[in-house]
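What follows is a pair of complexes built around chain A, which joins chain B in one and chain C in the other.
Right after this comes the complex of A and B.
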């Protein structure tokens, strides 16, 4: 038997995989690894491109990059422009190296907070409650928020370092990040669920953090991937996504604009169905979950490539197989 | 839901912006507080290290001349005389290992605890502090390396260089009120530093040169730096041996991990020390550990690296409350760090750095010669100081956290439910007249 048919066979198996199940297990393993890996002394550093929350002191297997970034930017300005700037640069480069491997796939497959939102959505589905959508107008407005949060996340620490803001504002995004409260709870640490009464700023920031966490819980129950829409990590990803290895590609000539991909997209990205010109179709909101590829009935219309090599391609056979297995699209 | 989400998020952003404003108010408070600490002149921002040193020397000399600002001699004179014995010292002596020192204990009656009977220089025990006498106000200061048990990276170094640390040798048994230790020509003094990757028997640390009072050293690698300032002096037939010890933790985020791992398992005992106190680390203690009010802390008294049973050990808190215990067969004593920081709530600082002082003493019937004079017994005394901070339990509230969380979940949940119900179109029957 020559190598070619074997390769084709492998391709067929991959393309016809029960994608939702594969993703569920992948996410589960990643969740356990990053929320409990610390107990096995796993430490993947502090430059991870997703929310492996640093506040989960016992269980974390690595730390989300936003935490050291905010700390580094919050140093006194004199320090910032000396040795520390070198540390910021090397830190950022390490983060970029991690990031380019999976691109936004870190969100779709690895981020514990993203996974948690998927589980909350699954719970809602099982309870038979419908989900909500934004209108196109709302979508266009809300999608900007993550960039605003990213800007604030960089500017506020600089202000803290420069003495303009109180130290109780630092690290600003972590103080309002739902992961800070939710992920440590999985290891039995509820200490983040407190209001800090030591200063007015601290009261405000901790109360705001708790409010946003509460909003997160309700929001992700009625809206798929509610938080990812506003996530500054996602904004940062998008800004540096050009050299990434994992890519989402579209061949517009094969697309019939049936809208299946749009229907399954948790992030409600309309371009995935409507845009038949762009080949590099990943948008700023995309989490590279690849559900669109799995749901596309047109062979070769959508595909995921790694360093230019197609690794998961939409096929008619795969589509039919998955439909028959009862993919619960759009539910 | 769509509108709701939009409004909630709009609100979120608005809140964030308001947050900035509130933070600025917070800042005003902060700077007001800081300024009280900064009334003394400071060297110019861009001064070189040499200029800074010269500046501080000049300032110190002026202060000594003026006789103000925590006059060390006056402070010493106020301290109980060196011969107060344990029986007369008004501190409760007990073996009970974890009861906190109570404010009503009589120790406070004298304004500060009396010396434990073997004060070396009439000024109380010698100890190494990370703040000079006039500054022992507990305000959190950036740019200082942590005394043992204090988290945070030591950043006292010159810009861009290795962090450095200053220690002051002080005399007295009250962390806030004890003054500078006086020079004593009759004593033999020696200062050793044990660096994380240096020889385990330590290296000599040069004494402060004229005009300066502090011991200064660099901390180029991560780990625990231990300084031992020992002194020996004959008083009658008794040889007084005193070891003031400080342990400084220097760890940085993102520093070399191997270096850190090595530092964490390295021994923290000086085998040649005639007596020393070691703060016992909890098995799960992290590098950025901070001792908090309310915590239990064990200390071990060692003589030449071996546990010393029966040593009298006293813990003195920032405000001067004290508590005494006797070391067990493993040389251990246990104290609960009391909460003694009660400012008006508006002045409360959660990063308030309080100092504690642990003093251990033991007598031994050892004979020998010191400077050609015989002695018939030895009094050993050792001190260790460190920092502790307000406990989060003092300023964090679960009840409020949970309350706010539940309220918002209920509110948003109900809002979504009602919004969805309102948008349900009631079923309307359409009838056709088929005739």
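Right after this comes the complex of A and C.
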């Protein structure tokens, strides 16, 4: 038996996998690793490209890069412009290296906060409640917010370092990030759920944080991947995604624009169905969850590639298996 | 005086099987069955079905309310979910075409005329019974204007509002709402409720039928062909009125036979037979004039882009969350977004689909049928021809109708076209 048929067989098995189930288990394992890995003394550094929250002091298996980034940018200006800031550059490079491996796949497969939203969605689904959608106009406006948050996340620490803003505003994004309050709770730490009354700024920031966390819980119950839409990490990812290894590719000539991919997209990305010209089809909102590939009935129209090698390709057989469970042959 | 009139011997009504209409069907069916060699054994089911329904005028039993549809845009999954049976009313009979001429201007689409002719006649063939509701999606002008006429014939008609632009978000929202309104109309008609379970069951049923169709479609990629296009058209035509589960089983049997043929290296045509993609106005039994002329002349129809076959069954629905709302929305999208009907403003998708079919099915050329009077297909001819010119794919454009009068002229044109395809192939080889 030559290697080729074996390889083809492996490819068929992968392409026809029960994708949602695979992704559920992958996310669960990743969640456990990054929320509880610390207890097993796992430490993957502090340059991780997803919300492995640093405030989850005991359980974390690594720290989200946004925490050290904001701290570094918040140094006094004299220090910021000294040789000491080489560390900022090397830190950023380490972050980029992590990021390049999975691209936005970190969001769709690994990020604990993303996984948590999927679980909240599953809870809603089980209760038989439908999800909500944005209108096209709302989408066009809201999609910009993550870039605004990214800009603020860089500018405010610089302002803190320059003495314009109070230290109590640092690190600004972490203070309002729902992960700071929610993820430590999984290891029994509820201490983040407090309003800091030490100063007016502190009261404002921590209260804002609590409101956003409440909004997060309600939002992700109503809307699939509610928070990812506003995530500055997602914006940062998009800006550096060119050299990434994991890619989402589209062959427009095979696309019928049936919209099946759009129908399953948690982020409501229309381009995935309508754009038949772009081959690199990952947009700024994409979480690279690859549900679109799994729900595409046209063989080869959508695929995930790793370093140029197709690893998961849409196939007609895979689609039929996943969508029409049990109706291929008479029962 | 009066007595004399009463003494005239009344004319006995002739049985349907001896009517001119049955004769038309009989001639075409005999041609399909007898004039070609080595028809697949599993095709017998379809030959028998058409003989019973079109030649003998046998009744087709159905369960629940009967919902007639005049277009593929009426979501049949919804009709099944309400326990009703959909039947496609688009008709291919020349007899009805002539009858329907009373309703439409002289230069109108044969299909629309035949459908009107069928609905207005006392003895409707196929004998499906009187539809409890006729769903008429607002697609082309001729179908739109038929609505009131069908209503005038004593049918209950529902105009399913269909957008004529499909790219915009407004059209998606509008169509989704239309489909929901259609569902509530069906609820009124049947007195049943749409539930997650019955819609899912209906979708599984059509999903299985579509999977069977796709498998058949894929077997037609094989060179030289395993099955002729005339048989494939007959199979998809049967979907119009046949019981869906029985139809699916019959197609699965046919697929099994084609798999055997493939394994045995069977050839349904000569290896040099020109491979043709068929597009344009839909061939509907008994009007399989063009596909039959093509295959008599030694060509083979390997794929099609018509609403009586590929467009009706190819596109499948994906659902993310199997809740009623998401299922209905996804269904609505499936009926609008991938549709390549020429009634839309733009036809980029149709051109892309055709290029892809030619490429995937290794076709040598394309034959474009436009029913005279079907303005939208006539108007799209130019842009499609330009696209094929650019791609270097030969295309033959044929304007025709249900009348058999032009057969001689058409067969000359088709033979010449196929000959040129053969020569081109030789030169390339």
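Here is the rule we go by: the second predicted complex is superposed on the first by the 325 of 331 C-alpha atoms of A that agree within 3 Å, B and C clash if a C-alpha of one lies under 4 Å from a C-alpha of the other, contacts with A are read in each partner's own complex, and residues count from 1 in each chain.
The rule is simple: a residue touches a chain if its C-beta (ideal position, glycine included) is under 8 Å from a C-beta of that chain, and two chains touch if they have at least 3 such contacts.
In this text the structure is predicted, and so the values were computed from the model without any measurement.
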{"item": "Chain B versus chain C, judged by how many residues of chain A each one touches", "value": "B"}
{"item": "Which of chain B and chain C A:291 touches, first, second, both or neither", "value": "second"}
{"item": "Contacts of A:128 with chain B and chain C, given as first, second, both or neither", "value": "second"}
{"item": "First (chain B), second (chain C), both or neither touched by A:316", "value": "second"}
{"item": "Contacts of A:259 with chain B and chain C, given as first, second, both or neither", "value": "second"}
{"item": "On chain A, positions contacted by chain B and by chain C", "value": "135"}
{"item": "Interfacial residue positions of chain B with respect to chain A in the complex", "value": "1-3, 5-6, 8-9, 12-13, 15-16, 18-20, 22-27, 29-31, 142, 155, 159-160, 253-254, 286, 348-351, 392, 395-398, 400-402, 404-409, 412-413, 416"}
{"item": "Partner chain C, residues of chain A touching it in the complex", "value": "125, 128-131, 135-136, 252-264, 270, 273-274, 276, 291, 295-297, 316, 319-320, 323-324, 326-330"}
{"item": "Interfacial residue positions of chain A with respect to chain B in the complex", "value": "46, 57, 68, 71, 76, 78-79, 82-83, 87, 91, 132-135, 138, 141-142, 145, 148-149, 152, 156, 159, 163-169, 176, 190-191, 193-202, 204-208, 210-215, 217-219, 222-223, 226, 230"}
{"item": "Residue ranges of chain C touching chain A (in the complex, touch as defined)", "value": "167, 169, 204-205, 207-208, 211, 214, 218, 249, 252, 314-321, 323-326, 329-330, 333-334, 337-338, 349, 352-353, 355-356, 359"}
